[in-house]
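Report on the structure given below.
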């Protein structure tokens, strides 16, 4: 099984904007979402819709704790997930002085304590973006800020980006026909402004900035939490060696990714494009062979 | 706090990151609990027992900040020997008159000195006269209410400072009385009343003590979780006692912060559209107590503390109302003030509406049909008016009750039989008018006008200015004495072409002007001779040097952390009140870490990051001569400059209608007998006896569960400003109730199914969210289930629903007449009955619970 | 990159003016910036300079633009005749005039020069219930006018 | 060809967000896209058949195959454009050439193929410019196999587990399915004496498809959608129809009626395969277990040093 050579299609790529052909360009921008300080207020959801004039999409009580937005989509570019998990720790015998940050982030209360995980999900603006790779019209493109944006004046609604995204972010908007997703406030970045969700976030769970600087901040925050005994904390999408070359919008989570509806080990489909074309070629060859063989037989 | 004040919560996250321990006490595990280190589930309405347990822990372990307590509180004061505590009278204090349901506080005073000075004697007679003269009918009670709320920014006057035992050993010193009073609140008792385990109580207590003292401070934040109870004022009092014992008042990172719920609710009590106070917390004139201007000011005038200058504040207010017509010889038009004679609060007014005694009603950005307690009572009142004026942004239920209100559906009201004439006048939004809000830290912030209001929408300023102008025009020729106050009113504000008065001129009038018409810069400049006019003395300074201080926007990165040049905080732009207490008695900071205000000996004045809350040049060792009056009587070690004795009150000798010390009583509707005393409910609670306000009998099996209402981040109070907006409604689209898995199993409630919640007022329906975040509480050997009800929905809006406020009964706190939002109820699976079947269903519950037809005549008429 | 993407800019750039305001929802008092173009509000977001909110807003504050530009806002006076089943139109001037007449009538009808022998100079016929999102200036004029009118059943959301 | 029940993997233990999908379900419309896959295969293989027929002097077969190629291409284009959210912008497909996008590459196959196959068919039918028509036909034949198989890359180059993990086998499934469709159609419309190659092509295609489809089913959990529910039924129908058609061809290839019947069955089989593969993808994207379980296993292998093979299976 030959592994495709690490190229600009897959694996570590420190400067996607340069790789996309920008001679001089600003530093790569991104989000670091520290879910350990998210209070699930959904200001990000409203600020994003208000700025980008995204239509409201449905008044439905889902029963999924306080999440009635359900998931990211063409008309939900920020989605706050809520997960209630009972803590099966036995009743605290003698906590004495409350240790700073009990053994896990959740507040322990009485007998069966409960943890309430909250996280604001967003497009990951991947280093290797499958949506961009498969877009046949060039509507999806890499901006000078290293982010991934759909150009509404080009997209013809072919929908290929939708099954290509390993995180299930982008979608077609039924009443419009085109694909939509978070643009990391591309227009605001052009004027050196902070994206609407990051500006609104009351507890700076959503942090915007240069991606490398955000990586440092995230590493420090992770160390701080581990030192406080919150060892369920982990970073997600920070590793430039992962299946999508690291995300432009990465997270600090307090549980397994799939608990939040995130894929545990997402890989950009383009990593196997070499093998895919190879097998298509072989199959075409097989068809030719069958075709030729069909005419070689005795004349009947 | 993360639920209803999310942006304020950033500072809690900041504190947590610096090592603070965040403790969240709430019946439910909320978004605040998710970020807290410890969540303490508590039975709604039992907060005094919990806080009492903490006070008991501090006192029984001598863990108080002794130096602070002795110097700055009245712990050392000796109380009169006639005083009897709830320990002696099984839940009552001395001086209770069961017939009128009031206390006579004379036995709560400090022990009289052997040789009282002439002034002290005179004051003593005056106070006694006031008590007896008040008599036992409605007047006395109104006096108490007017008096306690009138002390919004200062304690009631005491005749003398009395004897003090600084060793705190004297059996009748406040410290010992407090110790005995709270000795009953043991960890076991707290478990039985609140459902909080002794381990957790100790954990919270130890954390509080560890974070108090010279080097560290602890803060309390609260909202209507404390205020909306029949013992609400006393709940906050318990926290004040705790914080005084721990030395956390007047210090950075300490104090008790009210998280008020609306953009300018603080402004709405500072410049009150409230029945019992005038701007600056001056009491409304009372028909009995205030026969003359002097008598009106007698309570405070001349006493120690800044309330001593009340004459200059009052006269300046009357000058700003009636200008040149107010002269010394007519007591500055004192006679123009209408007099209160009792309780004219909102719920009592609604009762008057139902009984046809109040026929005209203005609703100005308020939606009582779903926002006030006992919605049905509110709507029945609305249906009995002659005319109703509603000013709002959206078509709210209070304007459409006659068309599609719940009573139309049940047939209790018929549209064609409702005679109320309704005017709906569109209002301008916050960006379509200039003006100032006062936020929860007493900061005034100016809003500039961004755009014109659409169509007929106008600001309230414009509407009331025009209404006043028209009324004055229509009465211009009148010679009738009753119209003088209107005709002599100063009402000539410069207005634009839309008739909108220039808001800054109104703020300038509030700020006050001197003899030469120039804007004043501090309330100390106010005079009692009529040479100054001031609409609200505590706001004097907001327009100093003719600049609108509320409009200052100096970025925080160009200021220190106190950021004094952003907006303006009353009084005198001071940020932390009583901050003299952030320094030791000798004027030095308690510690380097908590340095805030200190005495600069060389300069001979107090200095620090904030405006000192003290007389600038009053040295710490200053002792006032005998008989000193007003500010002159403030000792160098008296941080509480609004109190006549300059001390923080652990024991309130006067000023509270329901006792000098907090005592746990059960809410009016409770699932269990009061474990602490024989006295079940607050003996001085104000109940409202009317047919539409029946109460569930306590500890009845028919209504076994406790319910409490609360807000969600995504909506705003009764929803008028949020359930009409798609972006907010889609976040929390439908009304729901939150129940524990155990209750769901007990009553067969399904997640996302429907449930009917019923009290003796009415029944409502809501979807069910079964969640571990609502806990079954073990109280002693019984288990109590609580039902959570967010109250953002009503018949109008993008997603209609029933309003939980219809379930709530009206029984009020005696000090401030705020209703108790806790109640008992039953809950059944399935949707509620429709039409007239609903009233029959509720009637059946009333019958089974043995609810009398109209509640027995409440203690107060 | 299409031309549109190349020349893209935020709508706030071409705003005619930016106005300092404060969020109308809770009492934290978050500072807001209101962007206006051609007399219309185009954006409302947090003001980073505020020492209270540092530019942040909650979901309600972030929805302020939708609050002030909501299509379901009432912009015309509505009037309901006693016992009527529907709303009617009414022009603003007439409405305010009618209200003034009713205030004068009801005030006089329920006027109490004295109550139980004590001088009271008041009317119990008129009551008012204000929300707590009224400006200080508005509260001031309301209390001043109501007091001069003798109306004392004046209340607001601070008590409910 | 065996129909024994696959031993499916026991219900795996995994966490998810309230059981909701992690991926987005493809927004491609049914029947538009499965039909497009079918028509692409039919057209591509028919172009090869037509070229062979032209070289070996089978005019009836050549005519049918040429028309099938042109018709298939035209029908496919209509289906593709109809599926677009903004059909009026279909020309944007040719705005860029992007090797990482099978749809971009496919557009640059389908467009010329359609033109050439159309020209060849037109010239054949009208007799105008026969030599040019022959040349066009040859061109179409050259583009035929890529047209028939690039659609496998289209579905395989997505995050949908059932499609992506079968990216080695799907091209052969599509090739085989295309051959069956072309062969089958010709068997129906061409007299048996000239339809020999059609029969052999169909038979060859059937073999290739069955072999490849069998390979997919061995991939364990990710292949579950091919075997269960509606897609599972469709795949079984396709398998059964292919087998029946092949048997009929071998036994009664000579009889005109039997041959036409077999041809129709081949066509049904090819259609059923396309719908089966398409709906298997929808199901695979809908159920989070197909994303979580394999990825957790891959992570576990990575952590335990099994870092060699990057891709599963």
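Structural remarks
Just so it is clear, A, B, C and D label the chains in written order, and each chain counts residues from 1 on its own.
One rule holds for everything that comes next: contacts are C-beta pairs under 8 Å (C-beta built on N, C-alpha and C of every residue); 3 or more make two chains touch, one makes a residue touch a chain.
Computed from a predicted model, the values in this text were never measured in an experiment.
Put simply, the chain farthest from chain A by mean CA position is B.
A comparison of the B-C and A-D interfaces places the larger number of contacting C-beta pairs at B-C.
Centres computed as Cα averages put chain B at a distance of 73 Å from chain D.
Put simply, the C-alpha centre of chain C and that of chain D have 65 angstrom between them.
Averaged C-alpha coordinates put the centre of chain B at 22 Å from the centre of chain C. The distance from the centre of chain A to the centre of chain D, each centre being the mean of the chain's C-alpha atoms, comes to 32 Å.
Within chain C, residues 44, 48, 56-59, 61-63, 66 each touch two or more of the remaining chains.
Under the contact definition stated at the top, the residues of chain B that touch 2 or more other chains are 6-7, 10, 713-714, 726-728, 731. Applying the touch definition to all chain combinations yields A-B, A-C, A-D, B-C.
Contacts from chain D toward chain A in the complex involve residues 14-18, 20-28, 44-45, 48-49, 51-52, 55-56, 83-90, 92-93, 95-96, 98-104, 106-107, 144-146, 148-150, 152-154, 156-160, 163-164, 167-172, 174-176, 178-179, 183, 193, 196-201, 204-205, 208, 281, 285, 288, 291-292, 295-296, 298-299, 302, 309-311.
Those residues of chain C that touch chain B in the shared complex are 17, 19-31, 34, 36, 39-41, 44, 47-54, 56-64, 66-68, 70, 72-83, 85, 87, 90-92, 95-104, 106, 108-111, 113, 115-116, 118-160.
Listing the residues of chain A that touch chain B in their complex gives 37, 39-43, 45-46, 49-50, 56-61, 63, 65-66, 68-69, 84, 86, 91-98, 100-102, 106-110, 112-118, 202-204.
Chain A meets chain D in the complex at residues 1, 3, 9, 64, 70-71, 73, 81, 83, 130, 133-139, 154-160, 162-172, 176-179, 256, 258-266, 269-273, 275-277, 279-280, 282-295, 297, 299-300.
By the touch criterion given at the top, residues 2, 6-7, 9-10, 13, 19, 21, 24, 29, 31-41, 197, 199-200, 203, 206-207, 210, 712-714, 726-734, 736, 751-752, 767, 769, 771-773, 775, 798-799 of chain B touch chain A in their complex.
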